[in-house]
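Common to both upcoming complexes is chain A, partnered first by chain B, then by chain C.
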Partner chain A sequence: MMKQKITISIAGLLLEVLSLSLAAQDGNQMLRKIDRNMSADSRIIESTMIVHGKRNDRTITSKSYTMGTGKAFTEYLSPARERGTKMLKLEKEMWVYSPATDRTIMISGHMLRQSVMGSDLSYEDMMDDRRYEDIYDARVTGSEQVDGRACHLLSLTAKVDDAAYPSQKMWVDSERLIPLRAELYAKSGQMLKQITVGDVKQVEGRWFPMKMTYKDVLKEGKGTEWIIHTITFNQSIPANVFSKASLRK
Partner chain B sequence: MLIIRTAFKNIIGAGRATWLNIAVLSFVLVIMTAYNGILDGWIEQSRRDTMDWDTGWSQLWQPNYDKYDIFSLPDAHGKTPAQIDDLLKTGMAAPVLVIQASVYPQGRMMNIQLKGIDPEQHILKIPSLSLRSTGGETPVVIGKRMAATTRLKKGDRVMIRWRDRNGIFDAREVRVAAIFETTVGSADTGQMWIALDDLYAMTGMQDEATYIVMQRESLVNANVGGWHFKDNDFLQTDNRMLEQSSRAESLIIFAILLTLALLAVYDTQTLSIFRRQKEIGTYVALGMTPREVTGLFTIEGTTYSLFAAIFGTIWGSPLLYWFTKTGLPMPEAYGDVGMAVGKAMYPAYKLTTITTTILVVIVFSALVSYLPARKIAHQNMVWALKGKIN
Partner chain C sequence: MFSFICKGIIRDRRRSLLPVVVVTIGVMVVVFLDGLMGGMMDNMVRMTANFQTGHLKVMTRAYAADEAQKPNDLALLGSGELMEQLHRDYPEVDWTPRIFFGGLLDIPDENGETKAQGPVTGQAADLLSKGSKESARLGLEKAITAGHIITQPGEILVSIDFAESFGVKPGDRVTFFGSTMDGAMSFANYRVAGIVRFGNSMLDRGGVILDITDARLLLDMEDATGEIFGFLPGEKYLKEQVESIKTSFNHQQAGNPDVYAPVMTQLMDQDMMRQTLGYTDSMSFFMLLLLMVALSIVLWNAGVLGGIRRYNEFGVRLAMGEEKRQLYRSLLTESLVIGIIGSAVGTALGLLICLLLSRHGLDYSAVMKNIAMMIDPVIHTRITPRMYYIGVIPGILSMLVGTALAGRKIYKRNTALLFKELD
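And then the complex of A and B:
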């Protein structure tokens, strides 16, 4: 009788380990597929950012060029006050050019923590653009519905020492393999940011969310919406776009 | 001696003009003594408060740290040098670890500096004993300016967010254990003080510091283990620059007031020479040389300032003494712009400053008295006797 119990326990344990391993495998495979949808060698995006403030909303349009995870260039097109403002990210450094002062400043130190154009995104959020699978190990922990779509619930745990958010919860559309919702957590387990996506469209053979809402949960407010109007993937971008000289052009 | 006695009798005899000059000069002396006293008092208080609240007597800076370059902060932390372990143990030195963080009072986000300090330290007046952990909470202390900006009160809890040594975000709620009042904005504005051990645990920067504050008795006076020594003179740079600019202002005010007062002396002298032509001729006829007569008039003019010093001492002393008790009330906004200013500025009168002020008044009085009098030496004394100085 005792022997039988031990055998059942070991079998149960093995099954659990096996299922955990399978969940991790599934999770990591899913991350790879998400990256395939979300990342590209290069991207050109025309978008609108709506910052919901306490009293009013601000709408900012921009055009940005991204090369891999290390290079990005953004030019703000409107409103008039921000028109001509440009941002350049080269690996771990970032510069902002302001036409009003005709000066280029390096964003570093405490300035990285400041929000971009008053949004819920900080400069350091924009700096970290690595692929999920490079940073996280994922485990499928369940399934839930988000906006009427069946989703896998993924639990992401950082596998590198320098991940900004050591853990994330992600609701991934089971069919289109796009995260529809994500919660970003601090080391202490405190939720810091919430991202929801919508208007998922097929662009150049991949699913991509055309609307994202970022919310710093420690801050009051309705968050910041990012609406993509046009996006193209893997187009060649001249190297001079990602130079400091292009900030003043 | 005869000349001095004659000069003395002459200015007493001049009556109202003399008293007017003395009154104006004594006013300048008293005002400038009060002004310089306020300046000296403020500088003294500012230096003392800066040492007590912010800098200590001297500091050792981690090689990457630059107080004047906020960009240096993320890399400005390292193990404290072993050579000063004894000083750290005896409390003659206290490490301070500084990291950047964000605080979220009432749902707003503010960037701050989170400064870790040993709760048992007694070098800075920061009420660090309140930082002792109680009941699993993380206590912080903040200054009155920071409390006003964040609208936090003692006992309030607020969320802070920071990055650890690897750049990983972390957040936790902290409790405001005490709110201190200091004249030194650089120990208060935009910062929170937290127990060093708590900050070690939060960041993984065990036994590290950004800078080390030291007492005068620490006797460290050079770089230690690659850490850069900063002496008191360097740490008082901000105060010194403020002092220099204030001294320049003081000099301008002094120059304006003195010019106005000396104009009165000059006018009196010019008029006196014009009206006393026969007297000048008589002095020469009685055997005085023109140079001696010039000297007589110069001494007369200079005596105004000597009398002004005596007169100013008589009416000014009680006033200046009363001023040391009441001080000059200051608006709170002065402290907010980083100046170490209390609710009132109390004057500190320095003998050297007072003596210099009096000497300057005397020398310039002598000069403006001499200028109109010097033409006497070139006069034809026969014409002077006839009252016809040209």
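And then the complex of A and C:
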């Protein structure tokens, strides 16, 4: 009788370990599929950012070019005060150019955690273009509905030291394999940001969210909407776009 | 009796010199400390008012609720009209706008790229308007260690530690990078007019000063300001007057439900000033009490020594029929006279030292290097009417207590044995 109990317990434990391992495998596989939708060798995006402040809303339009995970260039097109402001990211370095002062300023240290243009996004958020699977290990922890769509609930834990958010909770559309909602956490477990996604469209054969809403939960205000007007993937971008010289052009 | 005691004090100097010297020193210390503490308080109030609070301050309610963060996105809009109203309603007060801000100060290399950069906290005041007292309030003339104060738009003052860390000199071009009141990126180039030392580690580490017009352009705060400071005439803080102005202004706004409606605070409502000053007052009282106890112990000992020396005198007086109580009373009267003399001399000396230090000041910047308090490193002692009597009470009391304790021996003398002792 005793022997039977022990056998059952060991079998239960093995099943538990197996299911956890399968959940991790499923989670990491899911991350790879999400990356296939969200990442590309290159991207060109024209977008509008609407920052809902405490007193008023601000609308900022920009055009950005991304090459792989290390290079990005953004030019702000409007409003007048921001027009001509450019940002360049090369691997782990970032510069911002202001036409008003004709100066190129390096953004580093604690400035990377500051908000970009008063939005709910930090420079760090904008810089980190790495694929999910390069930063996180994922586990499927359940399933829920988000906006009427069936989602897998993923728990992401950073496997690299320099992740901006050590853990995330992500609701992934089980059919289209894109995140519909995410909660970003600090090491302490404190929630820092919430992201919700809308207007998911098929672009060049992949599902992509054309509207994302970021909410910095530590900040007052109603969040920041990021609306993509046009997006093209894997288009060739001249190498000189990602140079400091292009900031002054 | 009184003239007999006075003659005794004057003729027998060995009897009176030590107690007079002890009381004089004690009273002098009390008077000096009172002047010094008063000077320190004045200094702290003045510096806090000039740099952080004004005697009065107007902000929006939302800004006031989060004031420590200096949230310029919650700043007063239409500040020009509000300033006019304040000038109209309270013409005796000098109202002036202030903006606090933070960001990065970037120092370019010869190619215009970042050579060095560091975080700074800035304060903008009306430095260029005709008749403005802001430059004097911030002590800019005195604080300049190189270059000159801001004399035209486009100039900036940089604190000494920052300048030394990043090799900034007067005449250099620097770029400020921060956020406007709406959160947009803000950039501006400035010429370093001068390097300033405030004598306050917090400000000296990373402080910059701008003219208010430049700050408004930088932070996109046209006709807006973070705070409006009010200063009473003669830059003298008067608690009752500021309280009455504050109450009157806030009463006008009481019916306004807007979270961005202006609200007025006074110096004591801010930065724990009320608690700080209350704590300092308690400390002053405690110090006086301690000094009085110490003086009493010293004078008690002096009285005991005097009693031993005058053992025979007391014996003769008792033998001649003087009552113990009478003798004890005469000793107390004597100590009262000594206490008055010592207190008068001590008060005069204490006042003299305070007078000298009120004119020339006491520089203690060497011990203030790492203190992040808004205190001018040169203290000018404060002369107040209470200094004429503050030392007299502990001076006389300690002398009386000391003599009263030492004189108890008189009651222990056995009159039956007096003649035997005298033999």
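Convention: the second predicted complex is superposed on the first by the 249 of 249 C-alpha atoms of A that agree within 3 Å, B and C clash if a C-alpha of one lies under 4 Å from a C-alpha of the other, contacts with A are read in each partner's own complex, and residues count from 1 in each chain.
As a convention for this text, a contact is a pair of C-beta atoms (placed from the backbone, for glycine too) under 8 Å apart; a residue touches a chain by one contact, two chains touch by 3 or more.
Fair warning: this is a prediction, and the values are worked out from it, not measured in the lab.
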Combined model on chain A: chain C and chain B, fit or clash: clash
Which of chain B and chain C A:187 touches, first, second, both or neither: first
Partner chain(s) touched by A:166 [first = chain B, second = chain C, both, neither]: first
Touching partner for A:158 - first (chain B), second (chain C), both, neither: first
First, second, both or neither for A:236, with chain B first and chain C second: neither
Contacts of A:216 with chain B and chain C, given as first, second, both or neither: first
Residue range of chain C overlapping chain B upon superposition on chain A, of 23-31, 95-103, 149-157 or 365-373: 365-373
Overlap of chain C and chain B interfaces on chain A (superposed complexes): 106, 108, 110, 114-115
Residue ranges of chain A touching chain B (in the complex, touch as defined): 106, 108-110, 113-115, 158, 161-166, 184, 186-188, 190, 192, 216, 218-221
Contact footprint of chain C on chain A as seen in their complex: 51, 53-56, 58, 60, 81-82, 85, 95-96, 98, 100-106, 108, 110-111, 114-115, 117-119, 244
Chain A-facing residues of chain C, complex: 62, 73-74, 104, 106, 108, 112-114, 117, 119, 175, 177, 179-180, 182-185, 187-189, 220, 260
Residues on chain B engaged by chain A in the complex (per definition of touch): 70-74, 100, 102, 104, 106-109, 111, 159, 161, 163-164, 166-172
